[in-house]
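Got some structures for you, see below.
Common to both upcoming complexes is chain A, partnered first by chain B, then by chain C.
The block that comes next holds the complex of A and B.
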């Protein structure tokens, strides 16, 4: 596949070769990572939109919550239901849920949860909120494709490929400063190259930052050797880094758990704020520990990059001795942790409020556009004149690339908006609903590839883009029919998050409709089926 | 409102700064007038452009503080530059004219930023 002129010779042609082919093979999945990751910037808003029944949860159940009584009730419930569990967690009423929430690991190490009345301890009927991954679906897609560790490794490899593509792209781009502000529309291949260069060069700092920080976040996974050699378990490394006592291994020696409510009172006095969570590890074992968490400052300070921790107090679960205290609004641990936290914040956009999130959204979309225009450019160039890289197989390989372009770009976007439709269309009480939505997403994506293989490229593009536009533009209608809510009712209720989701969907729908119109009809006779 | 003003100030100055750098270039100067600028004029445009990019940084630091402001600044520059390039491709005169908003409103913006 290498042309002799590109193989030998100087530095720039070989970098161009690497950019073209590396970018092509990595580009399809990188587009999916960028598009879903960019939607994931608004995961909270999307989750809120996807749980239209959520309001029912924050309606207070009692006039004033007595935290001590609540913790006593939760402890009694957990002792009754899961005395031999390895892990309990008690979520005190407040925030998004007015109920007392208990979580535990059952005998099969599966997490279970229940909602209790904070004053009586009675189990409340199961959540009437529809089960959904909400915006987390997009976040999960972009770092693991819902494929666990295999997905994490795949995304890591693709991220390295992206960094290589960025560097080789800079080397390849001969007039990076001369063409800085250049976009020449309606000039075919020239326009695609201009667009590819403009979105990439103008957002280059963001593209480097997001790829690099994403890669570094997973260093314990991607570069595990040093940790494995020097520490018995990764936990020990992080405990040392955070200057906290190491995780205590289960001893198997039974010892009664100390009462939790006195620890809550003590911790609230130390932290000087109401607690939000009480977490118990290894209840009933001599290694038991209890951690009481303070709530993180909501909304916080928009001029801070690093978050203000809510603080926590760690107790020995048997003797009730204080093992460790992190006061609220204090940074934890060493400079390494601070650096890691800064990279974490930079990647997650959890600072600066919605201004920063919108900047990330626009820059992320520019990144996705960079990959899409790059993949398209590859074929636009070769449709003018075949470069015969694959000998007499070339037409078939080009056809494959065309199909993958349509499915990976238009098809993925189509699957993303279809996910919103599944959220409203699947029955609320359907068992395994959460998985159903995700399966629906992948089903639509696969169908898009099949459709792309069946139709000729221009047809496939217009049809998928039109379908996407239709689904986006009709989303408010679907919502109005299924829940009776709309942008107007949301705005009247001051719910800018849900309104924002619908308005953004409509804006993307208009963009898709515009793109569908722009796709040129097939030129050569017989190209259309 | 405070926030909206800060965003507006940064976007306008960043856009004006990018436009200044853009108009200094021969290719883009020709899109507005037939000939390129003489070297001193070109340097002036570049200096003005840089000055407005600096002003955008000032507004960022002023509203978001050093740590967040330094991250926001390149983000706003990217958005402003993308808007400029998109506009300039179809309506260069209009895109250039929009850049005049920042110098026109600058005293007011500076006064509001205090």
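The block that comes next holds the complex of A and C.
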């Protein structure tokens, strides 16, 4: 037996082995990443639904905002409150908030903020809007599990595992296109395999794109070797890549800050659009700089993959000289930078408007279904005939896998819809409300694992899926009772975002109810998923 | 013998020894990462682009190479071959990339 024969003989089986076991251990958290990321496609709509009092914010405070006057008022306020701060930011009225917003770093380097009247500069009382993470909760679950850098690394490792699972899946799957046209319903294991193959093959290019572009978003973190070898510091790399002047260190030499409003006027002329933010670094220091930002093109129907950034103009904060200009929707002349930017736009679905967002939603759900069917398939196969991979411990490990399957799939979905309920049920004035909603989400998820450990698999599945269906289908009722709003009032007000959230919840509820009916009580081992 | 191994692998029933699985996984994760990093460093040095763009392109390339390196580690049965197959090219690419880093 030669070496080549040996390798030829075991390549496909060893890739199948890697697909099965790598997919199994990574699949549970990957399902969570995919499901929450898919909901996160509509984070703006979800945030809007979760802030039923938002209208109180965007009702205009003055007939016409005078941006020059507003910036003058904000500058005077910041000079009075935080003259020695390292960082100021001024948010001009518009978008979601009609007030003039100021942010600064206080003496302890903690961020503070205030809302000012754009015409008088008077401090406005805090908005009576419920504090909520809104749709950002799902986005944060998606890329860091609310666990900071540790979460980012975990998600990165799982993303590499997903790419390996996709590649080994293709290798394993000999008759990929022939099988794609094959679906054998109600055939137990065979149907689960067909479903797994169909959703995977149909959306394969999307799955590769979304996983790889997700890795690329964090490239300086995940693969810093080239940056570290070729540049003394990451800042120097980014300054050269973007051809921007590098960040200026504080000198400690006092120098008066130039007036901000003339810079605003100059920047708006260069960018050819109204500014959204004025950011000052090191005010009062000789290294001071002022950056005036144009507004981001939110939800534009631009079909090309160009950065959404509204552009910016960077000034020297003492001499008022222009240091750098980035025009809105500027395409870089370099193919490599354009590729990097395009991968970013692709991952965030920042093109093509709602048509593309719905395609992402469907493809993302297909990805989640691919992971769920894969995890189920593992146990369906083994419930028919134990493969004894863990010797004496095999039954216990199988039981553990069953519990993790239920909790990671049904339990995660249940926690997601429960998050919407916490948004309506927690008192509006509750301190730390934002955190309360997220803690509620994790509590429900953990309870789902406990429930799965307590009940036998088919019952655990049906009970959790039924609860999910109930919470989804009753969401409009809860909303009507707590806020008086419904799909009808939203549609009458032309609020398709909020109406869309509720209709999507109902549709997912119907799906969950159907799935719960499909999970039959165990007549024989192997009848249930 | 080999055919039996393949058949058992196919059924998923092969009991891979624990120490072998540990070393193979370590080779895949750490050795693969070393190779991905080395690809990025090397490409950052040799690609005919402005330095910052070469580094970006090299890093994108390295990220794409990582999953393939992991597959390689599990495809070969001989552990010595796995380690040398990942670490020798990694070392070579990293050293060349390092030596060329000052060059324009």
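Things to note:
One rule holds in what follows: the second predicted complex is superposed on the first by the 495 of 529 C-alpha atoms of A that agree within 3 Å, B and C clash if a C-alpha of one lies under 4 Å from a C-alpha of the other, contacts with A are read in each partner's own complex, and residues count from 1 in each chain.
Following the convention adopted for this analysis, a contact is a pair of C-beta atoms (placed from the backbone, for glycine too) under 8 Å apart; a residue touches a chain by one contact, two chains touch by 3 or more.
Keep in mind that what you see is a predicted model, and the values were worked out from it rather than measured.
In the superposition on chain A, A:362 makes contact with chain B only, not with chain C.
Once the two complexes are overlaid on the shared chain, A:493 sits clear of chain B and of chain C alike. In the overlay built on the shared chain, the residue A:206 is in contact with chain B alone; chain C does not reach it. When the shared chain is aligned, chain B comes close enough to touch A:351, but chain C does not. Within the superposed three-chain model, A:337 lies in touch with chain C and out of touch with chain B [touch as defined at top]. When chain B and chain C are set side by side, the one touching more residues of chain A is C. In the superposition on chain A, contact is made by A:215 with chain C only, not with chain B. Looking at the shared chain after the overlay, A:304 reaches chain B, while chain C stays out of its contact range.
Considering their complex, residues 178, 180-185, 198-199, 202-203, 205-206, 302-306, 346, 351-353, 355-356, 359-360, 362-363, 366 of chain A touch chain B.
Across the complex, chain A is touched by residues 1-3, 5-7, 9-15, 36-38, 40-41, 43-45, 49-60, 62-64, 66-68, 70-71, 74-77, 97-98, 101 of chain C. Touching chain C in their complex are the following residues of chain A: 1, 5-7, 9-18, 20, 160, 163-164, 167-168, 212, 215-216, 219-220, 222-223, 225-227, 229-231, 237, 240-241, 334, 336-337, 339-340, 343, 387-389, 391. Listing the residues of chain B that touch chain A in their complex gives 3, 7, 18, 21-22, 25, 27-28, 63-65, 67-69, 71-72, 74-76, 78-79, 81-82, 84-86, 88-90.
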